[in-house]
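In the two complexes that follow, chain A is the common piece, with chain B as its partner first and chain C second.
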Partner chain A sequence: MSILAKETGAEILKAVRAPEFILPTIFMPSLFYTIFGVVLNKGGNSAVYLLATYGVFAVMGPAIFGFGTGVASERERGWLELKRALPSPSYSYILAKLLTTLMFTAIALMPIYLIAGFGGNVELARGDWFSLFAIHLCATIPFVLIGVALGFSLNSGGAVALSNIVFLSLAILGGLWFPVFLFPEFMQTLANFMPSFHLAELALSIVDTSKECAIGYHTLTIFVMTLGFLALAIFAWLRQRSL
Partner chain B sequence: MLQKSFYFALIVSTAIVLAVLLNLPTPTVSEANSQRKSPFRDNDLTLIKNASVFDGMTLIGQRDVELREGLITSIGHNIEAEDHNVIDAQNRVLIPGLIDAHTHSFGDALTLSLNFGVTSNIDMFSPNELINDMHEQRASLDYTEQADLFSAGMLATIDGGHGTQFGIPIQTINSPEQAEKWVAKRLEEGSDFIKLVYMPYSSYFKSIDRATAAAIIKQAHNKNLKVLAHVSSFAAAQELLDDGIDGFVHIFADEIASTEFIEQAKQQRVFVIPTLSVISSAAHHDHGRALSEDSAVKPYLQAGQAQQLAANIGSQKLPGFELEVALKNIELLAQAGVPILAGSDAPNPGTSYGASLHQEIELLTAAGLNAEQALSAATGTIAEHFDLEGRGLIKIGARADLVLLEGSEISANSSRSIAAIFKNGKQIARKKTPKETSNSTSKLLSGELSDFENGLSANAGNLRWTKTDDSMVDGLSTASIEHQQPLLSVQAHVKSGFMFPWAGASVFGEKVWDISHFSHLEFSFKGDPGSYQVMLFSSQLTGPPPSQNFFVKDSEDWATIKLDMSDFKGFNTSDFIGLAIVAGPAHGEFKYELDGVKLTDQ
Partner chain C sequence: MTSINSSNTQRSTPLLCSEVVKRFGDKTALDRLSLSIPNSGVTAILGANGAGKTTLINCALGLLKPNSGRIRLFGKAPGLAETKQLIGVMLQDTNLPDLLSAREHIELFQSYYRNPLSISQLSELCDLESFIDQRYKKLSGGQKRRVQFALSILGQPKIVFLDEPTTGLDISARKTVWETIRRLSKSGTAVVLTTHYLEEADSLADHTIVMSNGQVIADAPTEQIRASAGGAVIRCSTVLDAQIVASVEHVKSVDHHGKNLEIRSADASKSLKKLFELDPSLSNLTVSKSSLEDAFVELNRNA
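This part shows the complex of A and B:
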């Protein structure tokens, strides 16, 4: 436990000492939300809709980039080989990164909530605010696993490129920027393969109680997908160790 | 160092998250209500401790009353509280939910009624679309913020009879042969009883004839439906009594009832719903205004209710409506043992949903009923005569519609001092009078509402003249206006289609104005002989606008019409949005000209 705490502390210090990396991932979603959810919102209920989807969007950035590009470059520099020689267990490296990411995403969500609540006049029951936060925070986990798989599989240049493609695909095809029902039919079908879509639907089921939502279906799908990403991440990790 | 950073970061981020989540905005109470949950502890198990219980007929003494899943499940002494929502009713009287035995429930009627402890309304005529859902709704024991509804549905009247002036499509009945089919149709539509209008001696309305009335009574009785009658004269009441009517929905106020009539009514077990509140309004007694200023009532009146209460029916006292005669008749009938039931006839001018039933209870005591009898007239007695199973009484198994009153005794006006209202076993949050939203009302500086020298714009306050007619409320009247410098020419065609038909010219702006500094409205008028009226509009208007009539006999000469602003009963002079000078309510085609319309202070 104390090793994990120290490793996490180190990760946090790293992030705080090099804020140019972490700050954009925290503030970009808030900025986007302010523009599309509040400023450009004429009437409509897009402030509520986008609160649910941009929350998912906000956790995606730190999770995928923090791991995808971060892990790839640390691996390239031989930091992971060095770590293997240290007494700390190898899983603590991943867990420390995960905890750090959770803390940063938790904080990254807050400006969006504040802007929604006080700028976009979104009113939710106290319990619903907490449920929404829980879903958004949990959404970090599948994206972290995607990031791990990318970071362990690619060199740092490839990781940056692919992370961007994955990030944008998940955001757009998952309906985080525009509602999925505006898409042509084949893209709507495609959305069902995006974890971001299912997470957004679960978040929407909280903010919009009138919406028909197959909560069981989305929960099961995201659970199975997360297991899949876990397997992928473990595979990528084992593979890079053996290289 | 590293470990410290971790715990520090963990504590800081948790604190930030909690600080934000606990301070984000949550919906206001009214929106929470729309999710159909009681704002009070909603475990469907309530114990009202130590209440003085009025069971719908009489005070039975101090009891504990348990409410479970919408019903009264236990009445007794020292009932143990377990998982109950306990309400201390020491020095309070628990009465059954009130029932208004004469209403016409439009719009927010059922919500407004419940806000004053009236848990069931009995409509004496409502359009079909209103009664479609009522059976299902009143069978439910779920949380609701509305009173339940019982209704006659369509009323029995003739083409051109009372009831047809309201603009609602009426299936009229003109001969005895139609009675069987007509009654069968009511049964099919879900009417709970039959109401017929019998006014053979009225000079305003046509009426079904006696043979038709008798046929309706016979057919309805064949199908086990009660028949109640709207009559406005003693003579008409006597005829229907002879034909076997079950009850009267107003007391006649033209003559004192004969001893024979009273004896016969008693023998035939006929009941009477006097509606003294509306008779008071027709007789211009201003009881409604007094009610609207009552400290127990005023804080709970919703938008427009105070103005409705302050209004009277008609601009002059209606002949044939003597409140003293009505009170005497009720006194005689009650003494003889004829059941008296409380009904307000809301929303007629001078009455408003819910609130007016409390006035009716008080007026019944003025007619000689004691406080217990008057309260029973609004609870148990109604349930008994309308066969409302499980309502109007506090007994085990009854629906838990209850009102808790302040004070340990009941009196003529104790029913309006409400401590708590329960509908279907759940406590309802009473709605207070909404705060005035526009406090930026400015004084209308100039009273010149136009001399028509410069087109249709008024000199004052950006007001502008336009045509107005009742088509805005689905009536059929039409109007057109033309600016013929220096005056305004109006063509109006007033047709049947709305309760208070009108057509003519109006002047409106976009703002609310304060015109309290003007005492009179003055204008020059020339037009076809007939009846005209001036209507004043406020932003908080519900129901008919306050108005005054004027009559024109000679079409050749200009006349100066000067009206005292204080005679627009129920008008809030600091909430003026416009006025209309129109033809009506008599039907016909009218042509008239207006000039020099102005508000003056002398």
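This part shows the complex of A and C:
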């Protein structure tokens, strides 16, 4: 337990000492939300819609980049190999990084919620705010697993490049920036293969009850996808150990 | 009775390898390698690049799994949490996270071990005082090594593996690391050191193991290995042909060294007497005791 606490403390220190990474991932989503959800809002319900989708967008950054590029660079430096020779359990490193990521995603979500509530006049029951927060926080998990798979498979240069591609694809094709229903039909079909789309739909089912939502379908799909990413992450982790 | 004795020996031997084979594709890095590391003093593992030194260390640490054979550290299998408590490690080409200070690294490592040294003990042993609160990124090469070295001894290990601990350091930084290794070894920890600086092994190691092509080609007290190169090295300029010199009594090998000949002899005074008989004009004469480097050259010539 004290190992995990120390390890998490070290991860948090590393993160706050790299402001060039942490500031954009925390504040870019709320900045975007302010512009597109509040300032450019032409009286439609975009403040409500984008609250759900930008929340998913906000957790993607710390998860994919923190793990993708973070793990890749520490692996490249030989740090992970050294850690394997030490008596600390190997899960403590991943778990510490996960706790740190959850902390930063929670921090990234807060300004979006505040701006939605006070600037965008979004009104939700207290219980719905908590449900929304729970869904957004859980959304971290599949993206963390994608990040782990990238970090253990690529060198740090490759991980930065591919993390960016994955991040932007999930954001745009998953309908986090523009609603999926504005897409041409083939892109609507494509969105069904994006975990970000299903998570956004689940978040939307809470903020916009007027809309029909196949909760069961989205929950099942994201669950299966998460299992797939878990398998991928474990495979990548085992593979680099045996090299 | 014998079995009890042998298992006791196993438990007190820091590292015991028997018939260890490790292949990478069709390349054999460790070829039925057997050795045992004595339970005190510094043991140097020498060998040319690709001889299998790092592979051996990685197998002992449990980072690589041998294809066959058996490795035991104090009778325990490599890679177990229990085993890892007993060993300290400094790996080649490893960088710690840049954004933490030496003190923060030490505090994290202290949580891993049952019986860690305190910050003040480590700081004194490894001379960290002046930079302990600076971020790792800002440290010089020598200071980084000192931090890594401090982390390797933090858990009060019974055996420490140092893979090329001074590569890339300047002379004075190397001397500081050597001094700390000597102190560590005096405190009763077995130290295993791989290096390609023969001078380093020569000055530090009580015991030397020479590897070539994944096998042990020499395993003995350093003094003995040094002596095996032949008693002395004679340098001189002479009109004699190298082939004739090589046939002189006690001469083990002859090399050209600039304009001079470099002659290794098991008995320098007898060889010299004969050489003066053959060439009275022999000049520029120096005679020196064989170094470990001479032995190393000799061993690799025969391997």
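Note that in this section the second predicted complex is superposed on the first by the 243 of 243 C-alpha atoms of A that agree within 3 Å, B and C clash if a C-alpha of one lies under 4 Å from a C-alpha of the other, contacts with A are read in each partner's own complex, and residues count from 1 in each chain.
Everything that follows uses one rule, which is that a contact is a pair of C-beta atoms (placed from the backbone, for glycine too) under 8 Å apart; a residue touches a chain by one contact, two chains touch by 3 or more.
Remember, predicted model here, so these are calculated numbers, not experimental data.
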Combined model on chain A: chain C and chain B, fit or clash: fit
After lining up the shared chain so the two structures overlap, which partner does A:G119 touch, if you call chain B first and chain C second: first, second, both or neither? neither
For A:A10 in the superposed arrangement: first (chain B), second (chain C), both or neither? both
Where does A:G158 make contact in the superposed view: on chain B (first), on chain C (second), on both, or on neither? neither
Is A:P89 contacted by the first partner chain B, the second partner chain C, both or neither? second
If you stack the two complexes on chain A, which partner ends up touching A:R77: first (chain B), second (chain C), both, or neither? second
Which holds for A:A18: it touches chain B only (first), chain C only (second), both, or neither? second
Is A:P179 touching anything from chain B or chain C once the two structures are fitted on A? First, second, both or neither. neither
Once superposed, minimum distance in angstrom between C-alpha atoms of chain B and those of chain C? 7
Can you give me the overlap between the chain B contact set and the chain C contact set on chain A? 2, 5-7, 9-10, 13
For the complex, which residues does chain B have touching chain A? 1-7, 9-10, 13, 16-17, 20-22, 24-28, 31-32, 35
So in the complex, which bits of chain A are touching chain B? 2, 5-10, 12-13, 99, 103, 106-107, 109-110, 113-114, 117-118, 121-126, 129-130, 133, 209
Touching chain A in the complex: which residues of chain C? 61-63, 65, 81, 84-85, 87, 89, 91-97, 99-100, 104, 107-109, 111-113, 135, 155
Complex contact set, residues of chain A against chain C: 2-3, 5-7, 9-10, 13-14, 17-18, 74, 77-79, 81-82, 84-89, 242
